[in-house]
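Following this message is one structure expressed as structure tokens.
All chains are identified by letter, namely A, B, C and D, in their written order; residue positions are counted from 1 within each chain.
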Amino acid sequence: MTIIKVFEKPKLNNPLLIEGLPGVGNIGRVAVGYMIEELKAKKFAHLYSEHFFPFVMLHENYQIHLLKNEFYYWKAKRPGQRDLILLVGDCQSLSPNGHYEVIEKILDFVQELGVKEIFTIGGIATGEVEDTPKTLGAVTDKELLAKYKRFNIDFTAGKKVGYIVGAAGLLVGLGKERGMKGVTLLGETSGFPIVTDPKAAEVVLNTITKILGLRIGMGKLEQRVKEMESFIKKVEALQRKALTQMGKDDRAPVKEEEQLRYIG
Amino acid sequence: MTIIKVFEKPKLNNPLLIEGLPGVGNIGRVAVGYMIEELKAKKFAHLYSEHFFPFVMLHENYQIHLLKNEFYYWKAKRPGQRDLILLVGDCQSLSPNGHYEVIEKILDFVQELGVKEIFTIGGIATGEVEDTPKTLGAVTDKELLAKYKRFNIDFTAGKKVGYIVGAAGLLVGLGKERGMKGVTLLGETSGFPIVTDPKAAEVVLNTITKILGLRIGMGKLEQRVKEMESFIKKVEALQRKALTQMGKDDRAPVKEEEQLRYIG
Amino acid sequence: MTIIKVFEKPKLNNPLLIEGLPGVGNIGRVAVGYMIEELKAKKFAHLYSEHFFPFVMLHENYQIHLLKNEFYYWKAKRPGQRDLILLVGDCQSLSPNGHYEVIEKILDFVQELGVKEIFTIGGIATGEVEDTPKTLGAVTDKELLAKYKRFNIDFTAGKKVGYIVGAAGLLVGLGKERGMKGVTLLGETSGFPIVTDPKAAEVVLNTITKILGLRIGMGKLEQRVKEMESFIKKVEALQRKALTQMGKDDRAPVKEEEQLRYIG
Amino acid sequence: MTIIKVFEKPKLNNPLLIEGLPGVGNIGRVAVGYMIEELKAKKFAHLYSEHFFPFVMLHENYQIHLLKNEFYYWKAKRPGQRDLILLVGDCQSLSPNGHYEVIEKILDFVQELGVKEIFTIGGIATGEVEDTPKTLGAVTDKELLAKYKRFNIDFTAGKKVGYIVGAAGLLVGLGKERGMKGVTLLGETSGFPIVTDPKAAEVVLNTITKILGLRIGMGKLEQRVKEMESFIKKVEALQRKALTQMGKDDRAPVKEEEQLRYIG
């Protein structure tokens, strides 16, 4: 049971999918969330799944909120830009096979909307505090390397991590099986128990906006990160608490922190 | 495999679903169980699922009893009342995705019977012994806040817990996706290892009967709680024992207690 | 994926299903296995499932053997007897929901063959060495109590254990939902780490053969138990080893022993 | 969700399936991988599954690689040879039931291509360093014993291990249910924490090439093993790391090593 509810059927011209679900340093979540706000992108669909945590959250103290992933669209305003579909959300799948199922569902959906190219945004835990974090990259096809190298992306991610868990990796990996081209952008972050890494998110934002020909000021980023962070922190704390209570996680606090960062 | 067996097809007029499955302090189970008995509501269907524990219980020493959820109905007797569907049962789902599957099945079933509004009843573990426990509430839609505030419901549940696990939360969360309106009523309880909290159950019962325009005396509650408690305690003890034997739970007793209370 | 392969379609007259899969003290497995041999019952179908352990065993050092449950039939020879379907096997399901799925599949199959009554045979771990073990019983319907009480069955199983895990319980519990009548016979056994309890198996065998009007000598039981035991022990040891290697079981040896006995 | 993508539909004459997925000592992976390279077999299909790890790997630092199993074919060149389908891959299933599902999918696929006979290649952990490792064997049918004994195969595997976990066992076990004949060849290896055992792989390679009437020089084996090993080691290390981070494996390093070797 993974259901996508569509509120509006946008007509998009060769749209690009940009994914930013929660993960390491919440870099994707923050970067794509900021793009959505600054571009005033419009929500047109959401997804919920039996593979998410079996609980609802309480917003503003009293309002029931089902865990969801959300699809926004934005139409190109000037030459050099592309129509975009932006994917953010509260969480990723709880079980290993759930990742495959949810992502195949997402790919079915965006393929029908004409998506042939995907950018996913995540973080890469380097274990070290980086003064000048870089944007690392990985691609589905060799020719993309040449195309995107000029955007100051370091294509040696494989040396540092070797694998990408969850949506940031599987969306492009499974997308390739459908003939889609894919790029993963990973912000270098320490992976230390700081929930969100705004500096790494800004670096990746700079890269992706340059690629997409977007003009997005970073002036409100710090403030937005604070706002998003308080929500993201809450979801993470609740998941951690629920995991403990459901008996799925009885490890020490430090390890629990790690668990919440395993997704790229 | 989640199966609903229907014994009778009642004709109901715009019925309200009231859920009270086992959970924190067993407040929902006790409150809705008491309503069923006092209203002499009629059983018309039951549900069993592969997501429940794979064992049968022995009633009265010799009678085999499959784990089930049960549906009762009650027809309004006077103006201001509503036809009701009451949902109680032995247990909730064992696996996270099972919660979603069982609840979607329940929603399919009650939607066909005309349900457009849901009340779920659960408990909220405050960690403190409450002399005068309150009824906390959460809703799917803002306008419900205004409608139900006058029933002395404290709509700040989000401050105390932030999330509701299992049926009490997902029934209203997933119901909203079908256009149903939902209210969750949570009795404040300590969450200490007392299986059932009759005081908190009485407080929530007072709230829900006022909302529904029902006249139910609380005189037999204490006695009924004792009767129900002995059965509920047995199910919980068996589940705990089975979990241990199936190797799913090898934690210390205290933690096991917690595990049995994670559901709202 | 649970598949039943049928080698022969026997025409049976109102047949009775007798189940004896591995479980506590292997009482059902031994009792029904002995009945099959002594009655010279004929194998006509087998079942395998994704819910069994993902390994094959090696028989006689070199022959590959998929884990299976097996169906035998036997036709009544004289008045007072009934046609029988006997169900034995190498193992039960590995996962909780697998129990429900495999047993529903079995019920679909035997229902088509005309089964309206089920006997399941299991063990009950009393924690004490019993000099004169009894046959305990549980039934789906009150009237069966009166019918079978005269066979010296102690219908107070509920006092001693309260629940029956796996096939011995679910076959009759889920069978009842299809209108089938069911009786579970449980041999009292210590539950200590002795794989098979031949004394308890003999006691239950005496009960079931009396009920079925069968004349089966117990002379070869001890020898047969020894033969079966060496195979059953091997399966159990392999499952234990596989569980450890698959990282599903990293508990101490004593607890592992327990785990293999949780099924009734 | 287990998907086989076919790039080419080869016309094969009574082809034999040879499986060599990762497992104990990686003997099957190395032996069949070497055969593919030396025979210049052609890739014609690949398989991916929700039962594999939910991550992508990074090849050559920057290229995204979905976990897969791969099918190659090779056509007989001279009398006495047979057309071959060779199956290798990055990994096996993560979950127990996933093994059954992936292998049934593989059997569906090769059955349509005309496969009636299967050879699987694996390792057997003896716990001792073997100076002269043997090829042990197991078969689905007694007559195969006579047919293959002359190839110097020791058909007493059952004495040493008793069971075969994963593809090497289930492919022949489930294949037999479809009327396919099956042989499992197991190289004797210590099972100590050396990822790949080239000596045992060479012994099994000698056996299988003799059976298949192939002329394959072993001259490049050592070099190829080194090349393959670096990749296999990486996959194993990543799986281990991912397991730890996903909270599925919090055991000591030694035990983790064991876990990676449970598959035959």
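Here, contacts are C-beta pairs under 8 Å (C-beta built on N, C-alpha and C of every residue); 3 or more make two chains touch, one makes a residue touch a chain.
Just so you know, these numbers come straight off a predicted model, no measurement behind them.
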{"item": "C-alpha-based rotation, subunit A on subunit B, 0 to 180 degrees, nearest 5", "value": "90"}
{"item": "Farthest chain (mean CA position) relative to subunit B", "value": "D"}
{"item": "Copies subunit C and subunit D touch via same or different residues, half shared test", "value": "different"}
{"item": "Gap in Å, rounded to a whole number, between the CA centres of subunit D and subunit C", "value": "36"}
{"item": "Length of the line joining the C-alpha centres of subunit B and subunit D, rounded to whole Å", "value": "51"}
{"item": "Residues within subunit A bordering two or more other chains", "value": "none"}
{"item": "Residues of subunit D touching subunit C in the complex", "value": "93, 96-97, 99-101, 104, 137-140, 142, 145, 155-159, 161-166, 169-170, 172-174, 176-177, 182, 184, 243, 248-249, 251, 255, 258-259, 261-262, 264"}
{"item": "Subunit A contact footprint on subunit D (complex, rising order)", "value": "1, 3, 5, 48-66, 94-95, 98, 234, 237-238, 241-242, 245-247, 250"}
